[in-house]
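What follows are several structures.
Okay, so subunit A shows up in both of these, paired with subunit B first and subunit C after.
Let's look at the complex of A and B:
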């Protein structure tokens, strides 16, 4: 999996490209923006071709870590296959999910301005 | 089409995607063979995801119990039905585990929930010191 981090003001867009499953999920946890628990991130899933429960678990782990430090994990651009995993597990209730990354960035910026 | 294909993979998570993509292709092959809609992504993705879950579970439990043996995946094509079995030699497990409570933010435990939701039938039997998880779905 290829992970690209792009700073956007006080948040970071983390763009994922590839598969997020049991063999690649640990790579996400090594990403600097993910590891920086106090930094809000927008995870752009547009180029994630497959996600299983291990990948979902790594996203939930990220969310939990960030919320413990009053930061957020926003998701954007999920395809219908990935959305199905979130709906079956009810994980869509935990996350703010956006159709496009710019909307997620705008929301994250508003959140940060309220702090 | 009535055929059986058997795939033996090393017990290593690096082969998870190989297993899941093979399952997706097997589902697509069945759709083709019975002149069904090959754009039926729900059918192909169900097998892709279910096999990813089952294979990674088998490998992870083997690592935890130091019983690393190959994982055998069998694809059984019957008319409009595809059945996939995953055979491992780990400790016995049950498919009746409860679904995780999402509100407590669990990071694990969704695999069987996904498999049970996506497949028409799921069984697990213990035979000759091996677990055989069988997952089946009709077009």
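Let's look at the complex of A and C:
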């Protein structure tokens, strides 16, 4: 999986490309913006073509870790297949999900400014 | 213009409880699913794209509505969070909204519109803001008006909250009595106020009194009197000499001989009084209400594979069990008991044996590491009461005694799918994993996941 981090003000956009499963989830956990618990991130899922329960677990772990430090994990641009996984597992209730990365960044910036 | 339909699960929770076999967004009103009325109105208002937002499950709605091509609109789906504000909804769907004017229909409400009116032109002249509202719902316009007008016109529509079964019954009856001119309703008929679907068999001696709406695959047997003011869904049998007056008979229902249904709603084998919400179970010899439920339960193939795997596990655990059980029992470290759990989502319960290994002794740790405490449950897999891996059995009493949701795919099991994963830290995480595998796992995958759960338990106890 290719992970690209792009700083956008106080937010970091983490763009994922490939498969997020048991073999690639540790890679995501090691990426600097994800690993930094106090960094709010927008995870761009546009090019994620497969997500399994371990991948879902790594996203939920990230969300929990960051919320403990008053940071946030936002998701953007999910394709139909990935959003179906979130829907059937009810994981969509945990995340703020956007169809546009820039809207997610704006939302995260507002959240940060309220802190 | 584009339309966002935002409906939160808490707004239609009562439908799940009253009609568990019907998806609330597909609740039929005069034999037309609720969502279709919203889509029809969005089209009348000039929308070319519609997006349905909900925090509840949408799979059944997607299967029914697909991409909206049947109505000539682009229909898409997205999720929302229960406490999202209007601004949040617009932000979360920014790519969909673009620079267009947006109509946001929010809440589980019925739109009382008239298909003869030119809503597209009226909406284009309306300024941004709330157009219509009712308790629990509203129609809001966002973005600049498309046609400038000094005096925005009155909007000839109203919103009616669908907040309980009484309002559902009232709206259904009003739609039947006055709706054929106002809405596009399903069914065929030479006369107004009488719409009949496909494959409807009406006995020569049966009497039909207008207004009525009858769905598809319906049999009305001799001497039956249908109407006035009667809505009959699809796959319904009205048996001999029965009468239905001012009633709603939903899909997959059998009304037995010599019954009089007046001012009631019948759904499956339940007869409900819309005023008090009281219900009674009816006889259903044709099992019309059971056909769907039977299809959802575990397949014979899965049960066979699980039973074979359980038999192998029992064989493997038998010798350690015979050696360790007497020792632990003598030490008082093996505590056995029973617990009552939900057998499925219908509310049926069963009693399961429980075993707990207490204290911290080498024999106890070994027994726990090789999952000997699950041996009594494995026997229940052989007789088909449990699956080898699936959902954690939900106790039928106490704090967690809530009945599992019909849509959760609850399958009580010896090992839970969550035990096969490393990451779940609380019950909400475990529920996510269980839901994931309930949909994605095959019987053979289940064997692999059972092995993984066994190994996880082994490592967990070794690490401890």
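As a working rule, the second predicted complex is superposed on the first by the 115 of 115 C-alpha atoms of A that agree within 3 Å, B and C clash if a C-alpha of one lies under 4 Å from a C-alpha of the other, contacts with A are read in each partner's own complex, and residues count from 1 in each chain.
Rule of thumb we're sticking to: a residue touches a chain if its C-beta (ideal position, glycine included) is under 8 Å from a C-beta of that chain, and two chains touch if they have at least 3 such contacts.
Small disclaimer: the values here were computed from a predicted structure and weren't measured.
**Student:** Following the overlay on subunit A, give me a clash-or-fit verdict for subunit B and subunit C.
**Tutor:** clash
**Student:** So in the superposed three-chain picture, is A:90 touching just subunit B, just subunit C, both, or none of them (first/second/both/neither)?
**Tutor:** both
**Student:** I'd like to know which partner A:31 touches here: subunit B for first, subunit C for second, both or neither.
**Tutor:** Neither partner.
**Student:** Under the stated touch criterion, which partner chain does A:73 make contact with: subunit B (first), subunit C (second), both, or neither?
**Tutor:** neither
**Student:** Would you check which partner chain A:21 touches, where first means subunit B only, second means subunit C only, and both and neither mean what they say?
**Tutor:** A:21 sits against subunit B, while subunit C stays out of touch.
**Student:** Does subunit B (first) or subunit C (second) touch A:81, or do both, or does neither?
**Tutor:** First partner only, subunit B.
**Student:** Is A:64 touching anything from subunit B or subunit C once the two structures are fitted on A? First, second, both or neither.
**Tutor:** both
**Student:** Pick one for A:50: touches subunit B only (first), subunit C only (second), both, or neither.
**Tutor:** A:50 sits against subunit B, while subunit C stays out of touch.
**Student:** Once the shared chain is lined up, is A:40 touching subunit B (first), subunit C (second), both, or neither of them?
**Tutor:** neither
**Student:** Mind checking 2-10, 20-28, 74-82 or 92-100? I need the stretch of subunit B that runs into subunit C in the superposition.
**Tutor:** Of the stretches 2-10, 20-28, 74-82 or 92-100 of subunit B, only 92-100 runs into subunit C after superposition.
**Student:** Where on subunit A do the contacts with subunit B and the contacts with subunit C coincide?
**Tutor:** 52-54, 56-58, 60-61, 64, 84-85, 88-91, 93
**Student:** Once bound in the complex, which stretches of subunit A touch subunit B?
**Tutor:** By the definition above, subunit A touches subunit B via 19, 21-23, 50, 52-54, 56-58, 60-61, 63-64, 80-81, 84-85, 88-91, 93-94.
**Student:** Within the complex, which stretch of subunit A touches subunit C?
**Tutor:** 52-54, 56-58, 60-61, 64, 77, 83-93, 96-100, 102-103, 106-107
**Student:** Could you please specify the touching residues of subunit C with respect to subunit A in the complex?
**Tutor:** Touch residues, subunit C against subunit A: 55, 57-59, 77-79, 81-82, 88, 91-96, 417, 421-425, 429, 431-433, 435-437, 439-440.
**Student:** Using the touch definition up top, name the residues of subunit B that touch subunit A in the complex.
**Tutor:** Counting only subunit B, the residues touching subunit A are 13-14, 16-17, 20, 41-42, 45, 48-49, 52-53, 56, 59-60, 100, 102-103, 105-111, 113-114, 117-118.
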